[in-house]
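Okay, so chain A shows up in both of these, paired with chain B first and chain C after.
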Partner chain A sequence: MNYVLDFTPVIDGLPDLLAGCLGTFLLALGGMLLAIIIGIGGVVLRDSRFPACRWAVKAFVELIRNTPFLVQIFFIYFALPLAGLRLDPTPTAIIALGINGGAYAIEIIRGGVQSISKGQIEAGLALGLHRALVFRLIVLKPALRAVFPSLASQFVMLTLTTSVASAISAYELTSVAQRIESETFRSFEVFGTITLMYLVISWMMMAFFSLISARYFSYPVK
Partner chain B sequence: MNLGEFLFLLSGLKWTVALSAIAFVFGCAGGLAIALMRTSGIVPLERATAGYIALFQGTPLLMQLFVVYYGLALLGLHLNAWVAVSLGFTLHASAYLGEIWRGAIQAVPRGQTEASSALSLKYVSRMKDVVLPQALRISLPATIGFLVQLIKGTSLASIVGFTELARAGNMVSNQIFKPLLVFGVVGILYFLMCWPLSLYGAHLERRLAAAER
Partner chain C sequence: MTRHDTAMSGTAAEAMIVMAEVEKWYGSFQALSGINLSVRRGEKIVLCGPSGSGKSTLIRCINHLEAYQKGEIRVGGTLLGDDGRTIDAVRREVGMVFQHFNLFPHMSVLRNCMLAPMRALGIGRKEAEATARDLLARVKIIEQADKYPAQLSGGQQQRVAIARALCMRPSVMLFDEPTSALDPEMVKEVLDTMVALAEEGMTMICVTHEMGFARQVADRVIFMAEGSIVEEAPPDIFFTQPRHARTRKFLGEILRSH
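Take a look at the complex of A and B:
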C-alpha cells in the first residue's frame, strides 16, 4: 500500500465542481417545487367526490413509493419522447424528481390535512368564506405547518437523490465528478471531496428550511 | 421480451434479494451497536456515533457506495464487487437503523430503566430483557419502512457495476430496444417485493397506534 493521495484534479476542477453544485441546487429546487404542486393537488384529488380520482391518487402514491427512483427516472426518460415531449436530461430529471417527491409529499400533507378538525372548516364556511379560501387559509396552511418537519426531511432526501440523476447524465454534481474522474482516474479523491460537498449542501438545505419555518410558520397557535 | 430475457431479469432479482438480505442482517447488527453506543451515556461514544449517523444521513447513498468501493481499493484490498457493495450498504443501513433504534430506545419510558436498576439488573440484562424488547416493538414500523428503502436503494449498486435487477433491466433493454417494456417489468418486480412489506408496516403502525390509545 503505497498510494499517494493527489488532490490536484479536484483543485483544478473546483470551478466545474462548484458549477455542478449549482446544478444540483437547481435540480433540487425544481424537483421540490413540482413535488409541492403535485403534493397539494394530489391531496385535493384524493378527497374528491369521484372514486376514480381517489383511486388513481392512491395507486400513484403506492406505485411511486414502492419502486426505486433509478427505475422511475429511466422509465420517464424513455416515456417522455413517446408522449411527444423531447426534453434534455436535466428537465427530465426535474420532472422525475418532482413525481417521486410528489408521491411522498401527498402522504405527508394528507397526514396534516387530517389533523385539521372539521369544526374549523365549518366555522370558516359559516363565516361566508369561499371554499377555496377556506382550503388555503384554514386547511392548507396549518396542515403544512404541522407536517413541515417531515416535509423538510423528505426534501433533504430529495436533494440527496439528485445524485441518481447522473444515470441519465443530467447536469449536476455527480455527473461533473464522474467526468473529472474518468479523465484523471483519481476516483477516491474526487468522490470523497464531493461527498463532503453534498454534506454541506444538505446542511444548507436544512438551514434554508428552518429559515422558512421561522418566517412563515412561527405565528402563535393559541 | 422472450422467456430467456425474463429469466435473466429474475436472476438479477435473485441478486437484489441477496444483497438486500445481507445488508439488512449486517446492518441490524451494526445498527444495534450504533444505537447502544448512541444511548450509552458515554460522551465520546455518543458524539462519535452521532457524527457517523449525520455523515450517512447527509450524503447520497450513491456517493457512499463510490467512496467505499474506491476507498477499499486504495487500502490495497482488492475485493470483488460483491464484498465492496455489501460493505457499502451495511455501513449505510447501520447508520439509518441505528438512528431509528436510538429513537425507539429513548421512547421506552424512563421508569422501565429505573425499575430494572432498582431490581439491581446489570446493563446487559436491563437492555436484553427490559428495554430492547419494548424498543423493538415501537421501532418495527420504521424498521420495515427502512427495509423497503434499502431494497429500492440496492438498485444503485447497478451504477457501481454490480449486476442486480436494475442492471439486468438495463442490459436487456439495450439488447431488445424496448426500454419502456423492460423498465416497466423491472418496476413491477420491485413493486411486488416492496408493496407487501409497506402494507405490513402500515398495518403494524395502525396496531401500535391503537394499542397506545
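Take a look at the complex of A and C:
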C-alpha cells in the first residue's frame, strides 16, 4: 500500500464540512420535533375510541416500519410533485425523517403509556379531570420517562439517518463530503473525517438527551 | 340528634346518595345485584364483606369509574347518566381515596393537591395553593408539601391522597380499602385522619375491614356478599346481634384475625 494521506482538501473544506454539520443538526432537530409530535399524536389516535383512527395508525406504523427509508424519502421528493406537492430537499428530508422516526416513536411511547397503572388514570378521572387532561397531565410525563432511553437511542439513530438525505442532495454533512470527495478523490481522508464528525454529533445528541432527562425526568421514584 | 338516629331513616329528600336497583355485570358474571342504598348528608357508612363481594365495585359505580347496566344512582340530586356532563358533575362532588394511594409521581405533594382544582374547576393558582396548604396542614403533613410521593411513607402518601381529594371540596368521600396496602404501624395515622374527617361531618362511604373504625364512626355497617347487600345495621347491633349466618361467619373470621 503506497497511499499517501493528504488532508489538505479536508482542511480547505473544513468550513463547508462544519456548515454541513449544522445542516445535519437542523435535519435531526426538525425530524425529532416532528417525530415526537407524530409519536404522541399517534399514541392518542392508536388508542382512540374510534376504530378508524386505530386502524389508520396501525397501517401507518406497518407501512413505515416495513419499507426502506430511502424509498420513503424518494417517494416524497420525486413522486409527490406529480400529485402537485413539490418540496425543497431540506423540508423533504425533515418531513421524511419525522414520519419515519414518528412511526417508531409511536410504538415506543405506546409501551410507556401502557406501563402507567390504571390507578393513575382512575385517580385523575375521580378528581373530575377529563380523559384528554388525564393523558396530558398525568400519563404523558411518567410514560415518556419510562421509555426515554429507548426514545433517545431511536433519535440518535434518526440523527445518523440524516445522511440518507444526501440522496436528494439535502444540505447536510454527507452531501458536503461527497462533493469534496468527488472534486479531490481523497475518499479516505474525507469519509474518515466525517465518520469522526458523526461520532461527535452522536455524542452531543446523547449529552443533549441526558440534559433533558435530568431537567424533566429527575423526580424520585420508588 | 345522635349518630344512630340519623342512621335509621334516610328519606329521599335528605339523601346525598341514592342507589336504586343497581345491577352490574362483567360479561356473564353479576358483580352487583339489586343494590338499594340511601346515604344521608353527613352519614358514615362502612362497607364490608369477603373479597369479591362487590363492595369496591359498588362505590366505584357512585363516581362512574365503573359503568352499571341497570338501576339508577343519584348524587346530590344529580341523576348519574352515561353522558360526560353528569359524570363530571358527580365526580366534582365525590372525592375518592384508593387502596394504592395513586398519587401522581411526577408532581410534588403540593402540585398533586393543586392540579384538579386548577384544571377541573378553573380555580386560580394562588387560591388552589392556599387550599392545598390548608388541607395538607389538616392531615398534618404540611412539612412535606415540596416532597415527591416516592419520598413519603405509605401512611403519609395516603394522608396526602385524602388531602388531595378534599381540595375539590367534595360533599361525599369514598374510601376504597384505604389502609389495606399499608404497613401495620401506618394504619393508625390514616384512620385518625379519617376519624377527624368524620367528626367534621363529612358524608363518607368506607370499604374497610377495620372494625374498630367501624365501631367508632359508622352510623351503619353494611355487609355484602356475592354482589348483594346481605345485612345493614348500626355498629352496636351489627357486631353484637348479626342476623345472618354469613355475617356471623365473616365477623368470626375477621375479628379473630385482629
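The rule is short, and it goes like this: the second predicted complex is superposed on the first by the 217 of 222 C-alpha atoms of A that agree within 3 Å, B and C clash if a C-alpha of one lies under 4 Å from a C-alpha of the other, contacts with A are read in each partner's own complex, and residues count from 1 in each chain.
Here is the rule we go by: a residue touches a chain if its C-beta (ideal position, glycine included) is under 8 Å from a C-beta of that chain, and two chains touch if they have at least 3 such contacts.
For clarity, every value in this text was computed on a predicted model and none was experimentally measured.
Between chain B and chain C, the partner in contact with more residues of chain A is B.
Of the two partner chains placed around the shared chain by superposition, chain C is the only one that A:L137 touches, whereas chain B remains out of contact. In the superposed pair of complexes, A:L34 makes contact with neither chain B nor chain C. When the two structures are aligned on the shared chain, A:G119 is found in touch with chain C, with no touch to chain B.
In the superposition on chain A, A:Q72 makes contact with chain B only, not with chain C. Of the two partner chains placed around the shared chain by superposition, neither chain B nor chain C is touched by A:V10. Using the contact criterion defined above for the overlaid structures, shared-chain residue A:T174 touches chain B, although it does not reach chain C. Shared contact residues of chain A, touching chain B in one structure and chain C in the other, are absent. For chain A in complex with chain C, the residues that touch the partner chain are 117, 119-120, 122-130, 133, 137-138, 141-142, 145, 219-222.
Chain B meets chain A in the complex at residues 55, 58-64, 66-67, 70-71, 73-76, 148, 152-153, 155-156, 158-159, 166, 169-170, 173, 179-180, 183-184, 186-187, 190-191, 194-195, 198. Contacts from chain A toward chain B in the complex involve residues 1, 3, 62-63, 65-72, 74-75, 78-79, 82, 156, 160-164, 166-167, 174, 187-188, 191-192, 194-195, 198-199, 202-203. Those residues of chain C that touch chain A in the complex are listed here as 63, 65, 84, 88, 91-92, 94-96, 98, 100, 102-107, 115-116, 119-121, 148, 150-151, 161, 164-165, 168.
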